[in-house]
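Letters A, B, C and D mark the chains in the order given here, with residues in each chain numbered from 1 onward.
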Amino acid sequence: MLMSAEAYRDSLRALSPRVFVNGQQVKSVADEPLLAPGINALGVTYDFALRPEYEKRMVATQQGSGRVTNRMLHVNGSTDDLLTKLEAVRLLCRESGCAQRYLAHDALNALHQGTKRADDEHGGERHARFLAYLDDVQARDLSLGIAMTDAKGDRSKRPGQQVNRDVHVHIKERRADGIIIRGTKAIVTGAPYMHEFLVMPCRTMTPEDADFAVCCAVPVDAEGVTIVSRPAGRPGEAAARFSNTYGQSTGVVMFEDVFVPWERVFFAGETVEAGFMTTSYATHHRHSCIAARAGFGDLLIGAGALMIEANGLDTDRHAHVRDAMVDLIKIVEGFYACGVAASVYGTRDPSGAVMPETVFSNIGKLLLATQIYDMHRLAHYVSGGLIVALPGPDEDHNPETAASLSAVLAGRPDIPAEKRLDVARFMEDLTASNQGGWYSVISLHGGGSPEAMKREIWRNYPVEERSALVERLLDRGILDEGKRTSKQPGRCCETGCEPPALPARNAAE
Amino acid sequence: MLMSAEAYRDSLRALSPRVFVNGQQVKSVADEPLLAPGINALGVTYDFALRPEYEKRMVATQQGSGRVTNRMLHVNGSTDDLLTKLEAVRLLCRESGCAQRYLAHDALNALHQGTKRADDEHGGERHARFLAYLDDVQARDLSLGIAMTDAKGDRSKRPGQQVNRDVHVHIKERRADGIIIRGTKAIVTGAPYMHEFLVMPCRTMTPEDADFAVCCAVPVDAEGVTIVSRPAGRPGEAAARFSNTYGQSTGVVMFEDVFVPWERVFFAGETVEAGFMTTSYATHHRHSCIAARAGFGDLLIGAGALMIEANGLDTDRHAHVRDAMVDLIKIVEGFYACGVAASVYGTRDPSGAVMPETVFSNIGKLLLATQIYDMHRLAHYVSGGLIVALPGPDEDHNPETAASLSAVLAGRPDIPAEKRLDVARFMEDLTASNQGGWYSVISLHGGGSPEAMKREIWRNYPVEERSALVERLLDRGILDEGKRTSKQPGRCCETGCEPPALPARNAAE
Amino acid sequence: MLMSAEAYRDSLRALSPRVFVNGQQVKSVADEPLLAPGINALGVTYDFALRPEYEKRMVATQQGSGRVTNRMLHVNGSTDDLLTKLEAVRLLCRESGCAQRYLAHDALNALHQGTKRADDEHGGERHARFLAYLDDVQARDLSLGIAMTDAKGDRSKRPGQQVNRDVHVHIKERRADGIIIRGTKAIVTGAPYMHEFLVMPCRTMTPEDADFAVCCAVPVDAEGVTIVSRPAGRPGEAAARFSNTYGQSTGVVMFEDVFVPWERVFFAGETVEAGFMTTSYATHHRHSCIAARAGFGDLLIGAGALMIEANGLDTDRHAHVRDAMVDLIKIVEGFYACGVAASVYGTRDPSGAVMPETVFSNIGKLLLATQIYDMHRLAHYVSGGLIVALPGPDEDHNPETAASLSAVLAGRPDIPAEKRLDVARFMEDLTASNQGGWYSVISLHGGGSPEAMKREIWRNYPVEERSALVERLLDRGILDEGKRTSKQPGRCCETGCEPPALPARNAAE
Amino acid sequence: MLMSAEAYRDSLRALSPRVFVNGQQVKSVADEPLLAPGINALGVTYDFALRPEYEKRMVATQQGSGRVTNRMLHVNGSTDDLLTKLEAVRLLCRESGCAQRYLAHDALNALHQGTKRADDEHGGERHARFLAYLDDVQARDLSLGIAMTDAKGDRSKRPGQQVNRDVHVHIKERRADGIIIRGTKAIVTGAPYMHEFLVMPCRTMTPEDADFAVCCAVPVDAEGVTIVSRPAGRPGEAAARFSNTYGQSTGVVMFEDVFVPWERVFFAGETVEAGFMTTSYATHHRHSCIAARAGFGDLLIGAGALMIEANGLDTDRHAHVRDAMVDLIKIVEGFYACGVAASVYGTRDPSGAVMPETVFSNIGKLLLATQIYDMHRLAHYVSGGLIVALPGPDEDHNPETAASLSAVLAGRPDIPAEKRLDVARFMEDLTASNQGGWYSVISLHGGGSPEAMKREIWRNYPVEERSALVERLLDRGILDEGKRTSKQPGRCCETGCEPPALPARNAAE
């Protein structure tokens, strides 16, 4: 069943989570103005799946079950699925700033892989349990919040070493019918307006910290769950030309002795395989982030072009402005290309799920993480200083100033001042407001810090294959050195040395 | 007379400008909460001049008149003055974010040079008129708003070609006792809480546009002046840990048939010399901006170090965090060094004023204009994602959540969660709020866009001297080519060829 | 027929081009030591096609004719062909530094497209003539030199305006049996050891310059052709651990009244379609360059890893060295990803040939063009200063110093000094010798300067689609503004507005 | 006594060092063609000191002794001396590529400081001994080679832990009349054509490694000294338009049981103070490197401008070429400014010597170390691909091709092809030859790797002062929070809190 945005909003009314925003408890999430932009953004993921022109991108059929599902809940069965997901996320995020729901996709794919691996190692029914859960989630077209980033406490210490054990979510008690979990997840995207949380460990745990290697599904209104959230976007602000409509809230989620029945528990102490799942999630998520930020880039490119036009500039005559636009495009499509390459060279996991290639995924995320700041710089460059100097929208209707301002704030005479102001505020909203700050920081740190990506690149790159290549070339030369004629490449090439390990393509198609 | 901040605030009560903020007319600027952070920031420039430990930096004696004056109103008499001004601006801006008042310094210095040049060319009493004005400003310790950036209209057209002539301020009528000016300045820093405006042309005008080459002093409450302003900083926002106290407002200033008596008119049609003055202002201003943003950099460096500490990270063990801090320092001190070099190689203008070296000044400003975004990136990098994910300050006193949150949001156990949150909000305020956006855009576009600086660097750099150096070296080689012994440098070195034109240092000391 | 490297070398003996290297005429190209590294590098393209493990990458079947051919001579029939070509070029270039022969591929593909388009526009038999030529080239497994970059003369003037008309190749005379061409091509890769030249215009010509829009095939030893070439690589230099074996020569090729029969003439004045072909060549070529330089990157990565090891450094403990390696990988795989994306989003030309997507191709080339310098920097960074300070190889056998040097120049005790020196010289050769300079400059300017790529990106990017997206989002907001509830996204999403123009994928598969 | 270049060359004939170049022993260093460019470059430091127009920069009077000396041998007595030295080094290096002799300056200054500190700590006569040596060096106007960089062996181990103790120079034996030293210095600039070596430790030693903390002066032809050197520049190569005249050799210097009398021994085991001296040397040297590479930058800027002109391009019409030139200028003057700032904020050591400020010195060197690659890139960008594609100079006189080539290789018609080729070869020589590679690598690693500079910046930057500033600002806010009026800055400003620690300027003047 694919829901519409309206049905999704209604479905939230059936839940009664304990949510605080700005110090006040929220009565009805679905009707809370401070959360509306976040619900709107999620809504796009529902509505777009119902639009025929987007069907190919937004709807998928689950291999195995044959269930028809929203792409955001689909476990990939081919490299083509990966590329389609990439396009779908870009499509959603260029409409809504950040669609949030792809995190569910990333987690479901990682759980598909991780539960299979744990069963293979330890036996058990984790994978079957997960498949049943997956089918339920797809059937009900749920939105899932990914509760992963723990509060962490003192970052120089392991979870088990913290003074306050609750800075990480952990198993407090194991019972016959399920487990009791406790602790705090500090940054949960879209927390208040989800149906369920997928609790996942935020790092690989050592054996001493086995109780922290817990992964399970918890309804948002389970007893003991408290959500303390920021508003989503900039609700109610007239100047917020984009983010008063679409935004994202981040929430702290506290689990205070929450019971989870075994059929919703996927990991409970399997540190090695849970670590694998976390790493696998990171790869899926970084791959998705690439598309999300490319969609954001589309908005900056479009707004930049409109600002240039409204200012009366011409990209043919003002080469430095065109240059900045090309730089912006170069950045956006440059990191998006890494997402494409990661899709094409995706690999099939033993569980049957197809996973994006790790090195390309991490490079793409690393590029966007640092270059989001350059994107802001270039967007400001082409816009001019006006975007932070305009009188606010309350001035638009001030009878004593509105007419005069309107007359002098126009740029090109055939474009009304109103339109210029409109685009300027749109640009300010996306890049020079607290929402703009959120996009920057979440791009930098979301899905792990740049250092985490660098380590993952290093861990996965075939450096030794490259060294072996050079050693082979050097040996050839040494053999030849006696002759010094430089005419002959070494014999190695004529005989059967191994082919260099270039990535194997489309292995998963 | 050096005023205190309190005296400055009082002095504003003697004025009655027509000011609108957020669509409402302001009754008393001095008492308007929405403008308070701006007045506070200006106030620092007054109070610091009264503090003995800052006297050497903040107070100067005007050569010529012997008047003791605030450094922000001083016309430089030596390269040492330039360096001291640089240090003074950094000192003020690291306290207040942006002191705003150095624009007065930049304009007064440019007028000193420009009026002298115009008199030398055309005769007249502009310079004497300016010196009298300067003495008055210094005697009354005024704050001056620099009304320079016109609304501009269609940027592909000259002022005289615009459909609406009022998009630039211009002389509407010349009378025996003065001139009538009309038009709009779009971005005037600190407009509502200034004593007077210095109206200046924002570009070099062609002879056809002589009426736009106007420069004069106008009280903020002169008849016909309307100021439409943004709030200064983020007044009243508890989360704005810095900018609810210190901020800057930018205002649109409309001059609707304002009369200016001749003794306050410095330019009225002298397009060439007014153009020189505008360029000279740009150099002084870019030089000052370097110091302003270095002061902002000090705040980021300090806050970054506190965040690292509060997160429990150690720069010895976490090399990537130390690396980011060093990058931040490299950027800040790297562009500050250009300000120092511009001071040391300053030159004396025929008027007697000393001016920072142009190439270094423009390079320093160009470096900060683009690297402010890297500064934000690095500040975010060392801070972690928390700064945009924290619950807002209204949550701090929510009895249902405050205790739990406080327990889990601490980092290092010996640093209370409150302090960590405090620094995190400070960082968010400076880099991920609309105030952070303002710092970025104003750094990028304030004092002219990067393209303007590039053109100025190219126009002033001794490229031909460098070409001549290489040509001389090549000719020597050609003479030697016959021998091919490579033993002898060319004769040129033994005989009297001209010394290379390295910059002349300290010419103005 | 697929030749071996040895057969290729023999085949050169059947030709008698007029070649000068270092001021001396070459008697037998196949036996000239100064050209040997170039012939070796070409040879790799032949031998690898005969190796079973590379067959999938190196051998293709021509759609249409069914001819089995070397991948370097194949006209692409699918996006998969594009990706396979990319992998093939990387494979060749990581073995030989630069395989050179992919230029033939790029030109043949462009001619396939261009001749078809010209026939469609003007009628005629260009395309049939080309297909016959293609089959002949594939049948004989030829190496083709691409004679494109004219000497150009004064770059501020068009070809027809030059004082000396011969700075561009042009049609001097049209005859019944063919044309007479004249002029100079300044940078022809591998000129001396090719079988034939494909003469192509280096820019789009205006109608006045129709005689310069000439494209034809000319044997290297046709009457009137003179080749003045640099040596290939660094032949005979013992320190040149790579480029005494593999290198590339660039030659000036002068055409002094050379007759070309009509069956070898593909364009003779069709300025519009010849311009299209030139642009199309640029796209194919930039796509190939991406793979070539990724192969070069593989060599740097491998050599860097070996240097680190030989110096006794450990990437776990010396994080800054690991960081530099990751940066190097990020650059190489980052631009390679653009090549992959350009393949996946390739499009089918009306001629049936499949062409890489333009924006991704140009971004990838632009990224490598500027980042090749960063690759050198990073390679030097991880290697240490030794690579330019080592005594030369003549010292290795000096009985008075060799033993002492060998004892002290070792790094890690289990790696002999000889091996360390060997890798150090390899690194110096690739990055700090005249060969290293060649790789830099050819990466920067080969296939057009960065400015050319920027213009092509701008010309091809769907900026208007992005603007339309933002305009639609803004309009929605305006409709909503009255409510200020921020709850509802605009109606647009519920109704049938057009899907955004994301690239159409795999259209050509 | 100030020598001329000719007298310097003659003075070398009085020495008889054991020197090998390219495997052959050198009979007379002064007459060896392979070393001539190095001797020429040193010669410039002598001849320029005799030219009246350079006297102010090139000649200094030693405080203390009153000895008139070459600036390259002068111990600084004021911040003005530092700035003058900076200008002098730039002047020399823009003439000779790299003057080499400033290393002597850097070492003498460090020894002045270090010997004083060691005496203050341990008593003794090191400083008096050094002053006598200094006077002797100045009196004889010597060239000193700085023998600092040890061969190092396995970089993961300390000197005393190496399998072969000789990979570092150390004291083998202490005798009544002096010491016996042994070991290898791997990279000694200009080794063969120096008068003496100053042996210095390359790192801070631990107490166990006290025998490695040795510093002394040794004549180049002392018994037991062997120099294995590379050629200087590219002697005898006609294409090397600059470096066949000026270049630098780097040599391995082996000390095999060399006796040094006590009056030439400055450190023999004082690990702490020797470490201080090494660090101090690094600061002086990095400061000098800034000027050296700025001089190199002058050559690139000049050559770039000439290439643009010869190619017929116009920086007004071709904005991207002008842009690249401005970038090049920005880099060069940007890091030079750090040298200026380091001079102005120099500090006086207890020995009386004045030392450049550490943070600015290290930032300047760090900027040039990495940006030298960008300088090459930009130089190539403005030059076009021709510089690596030109036929070699042997072709210039080939009667069969010279005339034709000359006709077609001209760019702008009023600039002869010969001149264009000349500049192109000059550019190739400096940036795309092995000499260009040397400039890159030596800029990156000379004076310590970038990582060493980063650590030094971090160690010396007043981070805690910045943290204290922010803490003070935060505390103020907290006091104010009750009011939420945002009107008042904290009381702190009205009372006597400490002034922020901005650098103290001109303390040493």
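Basically, contacts are C-beta pairs under 8 Å (C-beta built on N, C-alpha and C of every residue); 3 or more make two chains touch, one makes a residue touch a chain.
Computed from a prediction, not measured in an experiment: that's the story for all the values here.
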> Taking contacts as defined above, which has more of them, B-C or C-D?
Replying inline: C-D
> Of all chains present, which has the mean Cα position farthest from that of chain C?
Replying inline: B
> In whole angstrom, how far does the Cα centroid of chain B sit from the Cα centroid of chain D?
Replying inline: 36
> Which integer distance in Å separates the CA centroid of chain B from that of chain C?
Replying inline: 48
> Approximately how many whole Å separate the CA-defined centres of chain C and chain D?
Replying inline: 39
>> Using the touch definition from the top, which residues of chain A touch two or more other chains?
In response: 320, 323, 454
> In their complex, what parts of chain B are in touch with chain C?
Replying inline: 319-320, 323
> How about chain B: which of its residues touch chain A in the complex?
Replying inline: 20, 22-25, 149, 151-157, 163-164, 166-167, 183-184, 186-187, 226, 228-230, 250, 252, 254, 256, 311-314, 317, 320, 370, 373-374, 376-377, 380-381, 384-392, 394-398, 400-401, 404-405, 407-413, 428, 431-434, 436-438, 440-442, 444-446, 449-451, 454
>> Per the contact definition, I'd like the list of chain B residues that touch chain D in the complex.
In response: 5, 33, 36-37, 39-40, 43-44, 47-48, 51, 53-54, 83, 87, 90-91, 94-96, 233, 235-236, 238, 241-242, 244-246, 298-299, 301-303, 305-306, 309, 315, 322-323, 325-326, 329-330, 333-334, 336-338, 340-342, 344-345, 359-360, 363-364, 366-367, 422-423, 426, 454, 457-458, 461, 463-464, 466-471, 473-474, 476-478, 480-481, 484-490, 493-494, 496, 498-500, 502, 505
